[in-house]
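After this come two complexes, each holding chain A, first together with chain B and then together with chain C.
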Partner chain A sequence: MGKKLLVSVVGVLVLVAGVGPAPAWAQKGPIKIGYQGPMTGPAAAVGKDMANGLKMYLDEVGHQIAGRKVELIVEDNQGQPDLALTKLRKLVESDKVHVMAGGLFAHIGYALAPKVDEYKVPMLYPVMAADDLTQRKPAKWVVRTGWTGSQPSHPFGEWVFKTLGYKKVVVIGMDYAFGWEVVGGFQKSFEEAGGQVIQKLWPPLNTADFAPYLAQIRKDADAVFALMVAVSSLRFPKQYQDAGLKARFPLIGGGTTFDEFVLPSLGDEAIGGISPLIYSAALDTPVNKRFVKEYRAKFGKVPSYYSETYYTAGRWINEAAKAIGGNVEDNERFLAALRKVEITDAPRGPIKLDAYGNPIQNIYIRKVEKKDGELWNTVIQTFPAVSQFWKYKPDEFLKQPVYSRDFPPCKYC
Partner chain B sequence: MIRLPLLPRHRQIGLGIILLLLIVSPPFLSSFLLSLLTQALIYGVLAMSLDLLVGYLGLPSLGHAAYLGLGAYSVGVLTTRYGANSWLALAVGLLLAMAVAAVFGLVALRATGVYFLMITLALGMVIWGLAHRWVSMTQGDNGISGVPRPDLGLPWSFAKAIPFYYLSLVAFLFALWVLWVIVRSPFGQSLVGIRESESRMRTLGYNVWLHKYIGFIIAGTVGGFSGVLWAYYNGFVSPANMELATSVEALLMVALGGRATLLGPAIGAAAIVFLKNLVSVYTHRWVLILGAVYIGTIVYAPEGIAGAFTQLTKGVKPEPLRSKV
Partner chain C sequence: MEFWVIQTFNGVSYGALLFLLAGGLSLIFGMMRIVNMTHGSYYLLGGYVGLTVIWGTGNFVLAILAGALVIALVGLGEYNTFLKRLSGQELGQVLTTMGFALIFQDLGLVIWGGEPYTIRTPAALSGSYQLGELYFPVYRVFIVMVAAAVAVVLWLVLERTRVGAMIRATVDDAEMARGVGINVPRISMGVFALGAFLAATAGVVAGGFVGVYPGADFEILPYAFVVVIVGGMGSLKGALIGSLMVGLLDNFGKAFFPELSYFTLFAPMAAILAIRPTGLFGRA
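Entry: the complex of A and B
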């Protein structure tokens, strides 16, 4: 059928549907989803991965959710908190969106949360991983479908001590909330298992030259744990190798140090890197294989966890909207439905929210390997259904302060 | 160029209409446009304060966002942590900005031109670094969120968008009036004199350094005032408020609007706020458009929007400043 014909047939159908007795929602227009992320600026590539994930899902469902048309409004916040707040105002006040999904950097999550609560429009945080948003400073209207910074680190710390057998580890992490949380979670469980973090180095975000930090690394370490993000992830492994450290101290790290977003730009220096995360593109499940294949066909690259989380966020919105019969205007019910969503077959595995609003999901320990000339995060161990508190009791865990540069204190430094 | 004893009639009428529109329009605007207008007024204060340095003193500063940050952090820390009242937060914000400007002035005013640019850049980054690293006070990168709208002890509340807009308008007009009085005063005239020829002013017996120093402190203090407003407007303060990008943007507002005109930079601020926030709604290539606007300004209206407007209405090129001093 020609495109024109198709359009006219659809047009006639729409007309007919409009004339007939339509259900109440038909007069309400489309479900509006507001997205904001860094579409320009240094993190633009990540922002595109995120938006692509969401678009891909909406394309799959033909931009129809619960029988209503879906309109996606994409806004650029450049990764700047002030602009993010302005775009939030725009999405809610001008566009009158019913639900939002967005954000990359953890600190923007903190900036937006009070405003989201004020507007009472549900917002999904598929990536922003600031711990306290589902711990000590929960926000009612924020639905986190992603993770907390320390969530993958908790099982990883103990695993590193028990399985890899490293006793003394030097930590080098980006000096901001997300970095502290990833490192803090690792240090807590690693030291409880018997290990020692003997040094903590904190280069500022977007550091280009790591030489001054690499030179300080203590020589009695068994391994180095690195937490890099975005630009730094691209540079660190190479500099680590060039400094002659790779051969002496194996490199482990937080999930973003080796995620699929940077792997295509890295060379052999990344091989062997071990890190935990909620997703790996190499996951050997039919759902994920299909997801990776179609994503590659559409966008010409391997999906990163940014793409997966936003893809799943689209699905999340769909499930919740279906549960309330598409009546997303009823924001209280919509929020309740969003909190109740359970997905058993997302590309990353089964997901549901805990009582505090953070997903319980699988944590994958991944090792960078080369297959067919490409770098992949081969999954070497799966921890099923890990919550943000892992094996700790929530109320006891919440009594400790949020992870920071000085917490947990470095006892063995 | 614009500092005539009295504004010409058509200019008075033009400004009157703009003011009237600013007063009357809010109830008819969408709340998003209103929030942009509020932003424009607050950035207008910042741009005008910078204009005192750039336009009247000829000292291009690349660290002006630091004062915005100081004012904003004073409000953020005092209100969220100590529940301080708004007048106290305002006073502390202004005093802190003033004090820091007083210290920075001692260092920065040893240089002029490019060197002044570099020193102010470095000093600005010191304040940025402080906000970034002094986590126990500033919460680092996370920033301080949940800053409430001001409560001035007046019978009406500023929590809603429209009252807060009017508060910002009053604050803007107040800042404009203060700066206007300063630049029209003999002191302000001597600042222009210093810009045009330091050595001549020195031989005339002026204490050039002291004039510059006082000008620098006033610019910093008014910059702090814009920061106080910004914190109350946005409800959120973070190191991003005082990044280099913000300082550059302030400088561009002055250049775009027209140096040494006060109102010009305010118009420049409005232009940039609207370009940045509205154009980006329609295209992700908005940075390109912003760039084109800058280039267009430099090529076709080197005196900025205000300068171009003067030329248009008068039909003549503005008199060179030099002849007046």
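Entry: the complex of A and C
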């Protein structure tokens, strides 16, 4: 009897609490997060990794952020700038999202930024690495939680010259903003250290057959620096090897060339590839090991840097929303809170934004190795807390034009 | 010198792939006057079927055969149930094949998902042959050999057999062929299935070096049409020369003017159309 009474009392209390004055947010419904990325098309594998990373974080927090329910709206932009703009409009105007996270290709990042500023809805760029968005053309409402294309390349260029001892390098990069920026950063620091970029080849994005470019590679090179993304990363290493080049010119490159999303589909042709990036699934920290283990259990594959950055983007939104008591409708305060977020224990390591709004974070130099029959990016060197300007003074660095097809000019070609 | 040899070889091997793809399209075009927009889908679906077979059995030859046969049946079904009824109605046929292309595209997404894959090729086909300073990827040599074998067999069948004679007669004048007792609908059906068979073969073979991925269907289709238009409809010789020309143009265009790679491909097509509207070897 006593037990029953106790149960009823508790029940009444719960009921009373339920009908009592509810906090303001309760009437506002869920926090809506809009995601867009290439879910179909040549970059779909990457788009899925990104969405999975974000979903995994939201699952972990039970789809509750700052006491409010969270609703994630996923849109497919097929990696096309025009479609990306349409989806942006849809997410803001008809879904009325409070915050967005999305995008893969840097040129889409440039295309979306002015529109995001117009809508005044904060958008996280966990991947789109377009340099100028945190350099010469800052966008107020874009919060970059990822990186700039040239950020890992800066320490890498000098390291390649000093540690690997390569003097002459041929670069082959995808012909668009991200490719130019990754290659540009490498060329700048590699040549300042004493190296020479002796040839630059620019195949268009999504090139299927690299043969016309591979046949042109100069034979006096010490190594080849390749910047591939998405489906090109899948094709390039094998074609490079089949053309008889791997044995003659070691392959180094931008981080996306050997990203984890593509490693399971590659064979021995990728072994030995060296590249810098803000993440490696092989990072030997407890946080990352747990992340990799749980991601694998959930999605049946090793997380890529795309998964990690979107996972961390979910956390980023959570931290900012908590800081303002869940009142994400106050977009100005929400934006300010997003810019103040500092995470010390992300899978990739500590992250905080610099004065220009780009993360200061570790850069890892990774080498593709085979362990237990799987390919991994073993970390062979860590550069802690690297900013987008690396060792350069920001105001001096910003005086040079943004990296492009022709900047830095190819002095030794 | 080395540059020219390697680039020519690259162009020829890419042309060989295009020949596999476009040979059948040319015959379909010439015989039935069907502008077959589904041709790219046969290429893509063939690749996917081959991929599934590779995953299941690891046998590359079986993957090619299975991909080609399954897609030949798919093509046969499409022709028998829909296109045959629209015989002579060109607009209706184009729209039907276009509709099928879109359906197949979504079907591919539903079954195989949006991720790109590569078809793992046997170890014997990787690496390269070395001749002095020149390196020739084994896989590209293999593509050239497959295309050459297909070309020889097709030529023998077309020129030396009774069926071949019936096909040629139908391409030249379907009405007269019918008049002399050739079973034109059956011949057409066979040629349509053959076209699908070859396109799917190209899809599996291409899967070994550019991969199998959504969008490959509409990416490759313009190339197939350029080959047919340049070479002339319904001509095997035209398809062969057209494929080599397009392969070489595409390759050298990309090597010399990477920014203009579509221009270097389509400008010659426009020029040929202006001078010879029927293509190099086509008959009006």
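Everything below uses one rule, namely that the second predicted complex is superposed on the first by the 395 of 413 C-alpha atoms of A that agree within 3 Å, B and C clash if a C-alpha of one lies under 4 Å from a C-alpha of the other, contacts with A are read in each partner's own complex, and residues count from 1 in each chain.
The rule is simple: contacts are C-beta pairs under 8 Å (C-beta built on N, C-alpha and C of every residue); 3 or more make two chains touch, one makes a residue touch a chain.
This one's a predicted model, so the numbers in the text were calculated from it and none came from an experiment.
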item: Partner chain in contact with A:M39 - chain B first, chain C second, else both or neither; value: both
item: Contacts of A:S265 with chain B and chain C, given as first, second, both or neither; value: second
item: Chain B versus chain C as contact partner of A:K238, first or second or both or neither; value: second
item: Partner chain(s) touched by A:D209 [first = chain B, second = chain C, both, neither]; value: second
item: Which of chain B and chain C A:H107 touches, first, second, both or neither; value: first
item: Chain B versus chain C as contact partner of A:K188, first or second or both or neither; value: neither
item: First (chain B), second (chain C), both or neither touched by A:H98; value: neither
item: Chain B versus chain C as contact partner of A:R68, first or second or both or neither; value: neither
item: Partner chain(s) touched by A:K367 [first = chain B, second = chain C, both, neither]; value: neither
item: Common ground on chain A, meaning residues reached by chain C in one complex and by chain B in the other; value: 39-40, 175, 204
item: Chain A residues touching chain C - in the complex, by the definition given at the top; value: 39-42, 44-45, 47-48, 175, 201-204, 208-209, 211-213, 215-216, 219, 230-231, 234-235, 238-239, 241-245, 265, 267
item: Of chain C, residues touching chain A in the complex; value: 3, 6-7, 10, 13-14, 109, 113-118, 120, 126-128, 130, 133, 135, 137-140, 209-211, 213-215, 219, 251-252, 254-255, 258, 261
item: Touching residues (chain side chain A, partner chain B) in the complex; value: 39-40, 75-76, 80-83, 85-86, 89-90, 93-94, 106-107, 110-111, 113-115, 130, 175-177, 204-205, 404-405
item: Partner chain A, residues of chain B touching it in the complex; value: 30-32, 35-36, 39, 132-133, 135, 140-143, 145-146, 234-236, 238, 240-241, 276-277, 280-281, 284, 286-287
